[in-house]
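Some structures to go through are shown next.
Two complexes come next, and they have one chain in common, chain A, joined by chain B in the first and chain C in the second.
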Partner chain A sequence: MADSAAALSPVRASSGAPPLRMRLSAIKRGLATLSLLLPALTLMLLLLIGPVAAVLVMSLTDYQLGSPTWSFIGVQNYVDLFGDRVFWRSLSNTLLYVAIVVPVSVALGLGTALLIEARSSLQFFYRSVFFIPVMATLIAMAISWEYMLHPQFGLINLMFKAVGLPARAWLSDPALVLPTLAVIGVWQLFGFNMVLFLAGLVSIPQHLYEAAEMDGARSAWSRFRLVTWPMLGPVTMFVVLISAIRSFQVFDTVHVLTKGGPSKASEVLLYTMYSEGFEFFRSGLAATIAVVFLGFVLLLTLLKARFIDKRVHY
Partner chain B sequence: MAPVRLRDIRKRFDRIDVLKGVDLDIADGEFISLVGPSGCGKSTLLRIIAGLERQTSGSVEIGGETVDGVPPAARNLAMVFQSYALYPHLSVFDNIAVPLRMRRMSALQRAPLLRWLLPGTRAAERGIREDTGKVAELLGLEALLARKPAQLSGGQRQRVAVGRAIVRDPRAFLLDEPLSNLDAKLRVHMRTEIAQLHRRLGVTFIYVTHDQAEAMTMSDRIAVMMDGDIVQVGTPEEIYDDPQHLRVAEFIGSPKTNVFDAEAGAGGRITLAGRPLPLVLARPGSGKVRIGLRPEALSLAPVSEAIIEGRLSHRENLGAEVLLHIEATASPQPIIVRLDHGKARTVAPGAPVGVTFAPASALCFDAVGRRFPLVETAVLREAVNG
Partner chain C sequence: MSRRSNGLAGAILRHTVLMTAAAVVLLPFMWMLSTSLKPQSEVFLSEIRWWPHQLAVVENYTKAFEKAPLARFLLNGAIVTLSIFVLQVLVALPAAYALAKLRFWGRSTVFALVLFAILIPPQATALPLFLLFHSVGLLDTFAALIVPFTISVFGIFLMRQFFMSVPDDLVDAARMDGLSEFAIVWRVMLPTAIPAVTAFGIFSVVAHWNDYFWPLIAVNSTHLFTPPVGVAHFRNAEAGTDYGPLMAAATIIIAPLIIAFLLAQRRFIEGITFTGMK
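Coming up: the complex of A and B.
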């Protein structure tokens, strides 16, 4: 009996604990694993987790940039922030900006991708032309836009006047400034979406379209609804998520063109964070805004994990 | 009534002629197979009939009317694709219902939420549910209606594809190698099912395949295509027993027909491997010919009496039959002889064997491959030097 037991499980010593040899090799394996992970872990700690943790801690203090002393003030920063009218204006502006930019840039990206895909010639030309805004430095482009939007001799207003429409003060009219920035944001973003949609379109099997034709889907719209749109599901979700995150991060155009004005009409979350942190040097408060921003991005990521990963069809 | 007529169909891609003037008459309700090796143009021809491709010249008539330029949806045909082409995001029920919804409902009635506000949608949906249910029952799919294609096996997906074709009540079914993606056993089973389905529905089936066994077992007629042309059309028996071209004889039938070089001498007398045969050309002619003999037409004989001598190189036991591979000088390729179960057990590899055949089973083809009829002479074989 004892023999067969030993034959079946030679590991078990008479006392029931694993022998010393086994424990040492387990420890060695653990050390090997740790040392292989160490470079990646270190980088993650230094560049990702560390800064996030530092910002979280900073948001609980009254640190001012360059001051030699600081102290913990708990959630006072948060209380101040949520009571600040400017913060709420900034947040609603950002959300409005996202609400304009995301649908328009996704729709435009999809539209141009469909048009380019339908052509047999000059595809390369059109893809490049629409992708250039994505690659160009946004700050330089923003300065160009500033001149185009000039109330007197800007290109936009000259064109408007040429067709008889009234010239507008695009960047100094509080009602127009955010939509104008949204247009620039769409212009900058839709080329990227277009490229992603093109990749998705190419991967749709041709025989699905043929089956749709045989089944009676005669118009381009019914083929789109039956085949293209469902097959683009995962790509669309991804594009929406990326567009949302990138439009949340809007900063360059605001900083160059409007500096948050006129009277906070174009104040956005990241710009508020910048001005609190680097113009007023209230680093604690800036960190608080950063935490709020992080919260929104996390929310978007959770939504993605919930919805995108469930509804994918291959 | 929907007979299909193809008149001088030509198709050119860039500078390559894929179809070189195809004429074909397909009777209403018949099961016709388009068979041929890969690249012969059979799928292109099917797509031209369907309307998915436009022919370069020539006309297609369905039910007596020319359908050139008519879009596929309006031709009232149904197609089963090699890859089934099921909509991955729709359930089996919705997949089968797609053609009905496209035809019976307007675009607004198909819009997601709006449709329920419109009158007539509910009644149409009920009708669709009924018709889809009938087809599902016919094909044994009732239990699978809620599943998505990704959750089905290959055979089940194929049945859904067939169901989607049936539900439209089309004038003709076009099937593009539907069994190619299935494993061997399932393929054999589905051959019977498709043949039975054809009998049940009584609609024209136009079936494209590269597998000659499928064509032979299911069709009323076979059209053999090679290099963009129809080489022969006929019943399976005609194609098998009376091939009009060497390529047809080689393509149809498994294992492949054995082909020997022979001479037609004075008076059209055939000489094979130096031995004169009691066969004479039915029409005047002479020169090099090729004799085709099917494996089952050959049999073993003592070497002294055999027409062809060789050595056994390999014996394949398939259970129900035995295939012998014989190396002989008369043929560059090994000769394959088919024997019944259990035969030739005592012949060892490398042993000399003799092969003989009934003269009537010989198929003669001229130097370019065209069939040349033969006539048996009553004269017995002369001595070797005679």
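Coming up: the complex of A and C.
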């Protein structure tokens, strides 16, 4: 086989086509490459890209799980959704939650990072303590928070009572429930932001501080304003966006602690999607909510990708 | 940050603020532990009591294991997270190698698909995946918990970036020695990539041990519950009456990750933040 290929090759080469042996090895290499990629490609199409396409199509149908027939109904689901007060409540609750969690967790993350970096003692200890909530199972911790927030016997109200403040029904007062969930969200998230800021702080060249000082920046505040803050700009934008993406996905605490209540005061987008899709099995409508959710997250992720690129060039 | 010392006052201020913050952050953990030691009679008190007069450790932890199949939940958690991680590596590494080191028609298209798929949040595809698993009769099985996460496009991206930095000479030399492309992936590339695979592994295991959304949808038999779904189920069954055993269960559920974290803090923080950049 090899001999005949070698014998044929000069003839082939003179007629302009590649020699057979080279073509064979190219085919072999092609097959090897394909077999390396095939599992990943198949699963990617089946489990990620296919389902995204499916969710877009489903949002245009009246499909309900278990019903034998379905039909295309155009944008009727979107019309229904945008006319639904629960949806707007859910969306505005989600945005309000994001609007609380993002600034507070970014500020706390930056503050703790600056304090930790300011001196060397116990750096490692603090960093680890603030990071624990990031990786502790949120569902288990939500149950602990629930007991802490118990109106009568919870630690929080007992502490309030000890300093003479009135006890509150944190999770059943419509005015308090969302801010309370946001506090849990901040508690869980800010350690992650702190670590990102710490990485950003370490990469600021020391000579910039020396230069600022020679130019008369004596106080810690003026050094922060002149050097740290501008140098952290790209990191901060990145942290803001990643916190927004994460807090936009709030679900666990709502599902375990409030079920969206009281009277929809803590209804959030993913919870609405979950209950429409998996409790009432109105798949078409749930898909429509999924599309809205996807739209928001894609927008934030694309913005973030732009900042990653910028940060690389910094 | 400039480390100019403004004397003792600054140091004291720094530690005061950070220690207070640390205490607040640890409060839910301490209260959970403290409650898991209390007998029922000391759970509902109108005063703050950190250390119970009567210890009920043994009762609470035994009750937690008796009332809920906690050991089963932990085992399920281990099976699911480890299977996901192993399958993710098996699928992602060859693809990452092909994208980083081989030239083929359509490479940039495949890479563009990977970049697009990274943008997809997992909750957005839950509905079609649920219907898919429903139609093939795989809901409420281990497969339903594992299969959706076998493809990690982020893992492909991460490993591709890493493989780009591996010198081509290494690959060429392996080919000269007669190694097949598959052998190159597992015997040449994987050993160079151990730090990146470890970081990805920590990220993957933590994310899937803690995941609640998908297991909640995918299974409803108690014997398939992962730790988060299991502890939530236990809490619903108790309806907030028996806090001692419930807190014991919650403590047990978070213990494996917390212990692993305390043993390898630097690796965990690097692994989760470096991969959390996605």
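Basically, the second predicted complex is superposed on the first by the 257 of 314 C-alpha atoms of A that agree within 3 Å, B and C clash if a C-alpha of one lies under 4 Å from a C-alpha of the other, contacts with A are read in each partner's own complex, and residues count from 1 in each chain.
The rule is short, and it goes like this: a contact is a pair of C-beta atoms (placed from the backbone, for glycine too) under 8 Å apart; a residue touches a chain by one contact, two chains touch by 3 or more.
All of these numbers come straight from a predicted model, not from anything done at the bench.
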item	value
Combined model on chain A: chain C and chain B, fit or clash	fit
Contacts of A:A32 with chain B and chain C, given as first, second, both or neither	second
Touched partner set for A:H207, first chain B, second chain C, both or neither	first
First, second, both or neither for A:P133, with chain B first and chain C second	second
Partner chain in contact with A:L294 - chain B first, chain C second, else both or neither	second
Partner contacting more residues of chain A (chain B vs chain C)	C
Partner chain in contact with A:P230 - chain B first, chain C second, else both or neither	first
Contacts of A:S222 with chain B and chain C, given as first, second, both or neither	first
Touching partner for A:L20 - first (chain B), second (chain C), both, neither	neither
Smallest separation of CA atoms, chain C relative to chain B, angstrom	9
Chain B/chain C common contact set on chain A	213
Chain A partner contacts - residues on chain C that touch it in the complex	1-3, 5-6, 10-11, 14-15, 17-18, 21-22, 25-29, 31-32, 35, 43-48, 90-92, 94-95, 97-99, 102, 104, 110, 113-114, 116-117, 119-121, 123-132, 134, 147-148, 150-151, 153, 156, 180-182, 185, 206, 209-210, 212-213, 216-217, 227-229, 231-232, 235, 240, 243, 246-247, 250-251, 253-254, 257-258, 261-262, 265, 268-269, 272-273, 276-277
Chain C-facing residues of chain A, complex	29-30, 32-33, 35-37, 39-41, 43-44, 47-52, 54-55, 58, 65, 108, 112, 114-122, 124, 126-141, 143-148, 150, 152-153, 155, 158-159, 162, 187, 191-192, 195-196, 199, 201, 204, 206, 209, 213, 220, 223, 228, 242, 245, 249, 251-252, 255-256, 270, 273-274, 277-278, 283, 286-287, 290-291, 293-294, 297-298, 301-302, 308
In the complex, chain A residues that touch chain B	205, 207-208, 210-211, 213-219, 221-222, 225-227, 230-231, 233, 313-314
In the complex, chain B residues that touch chain A	50-52, 71-74, 77-79, 81, 83, 85-90, 98-99, 102-103, 107, 110, 148, 150, 164, 168
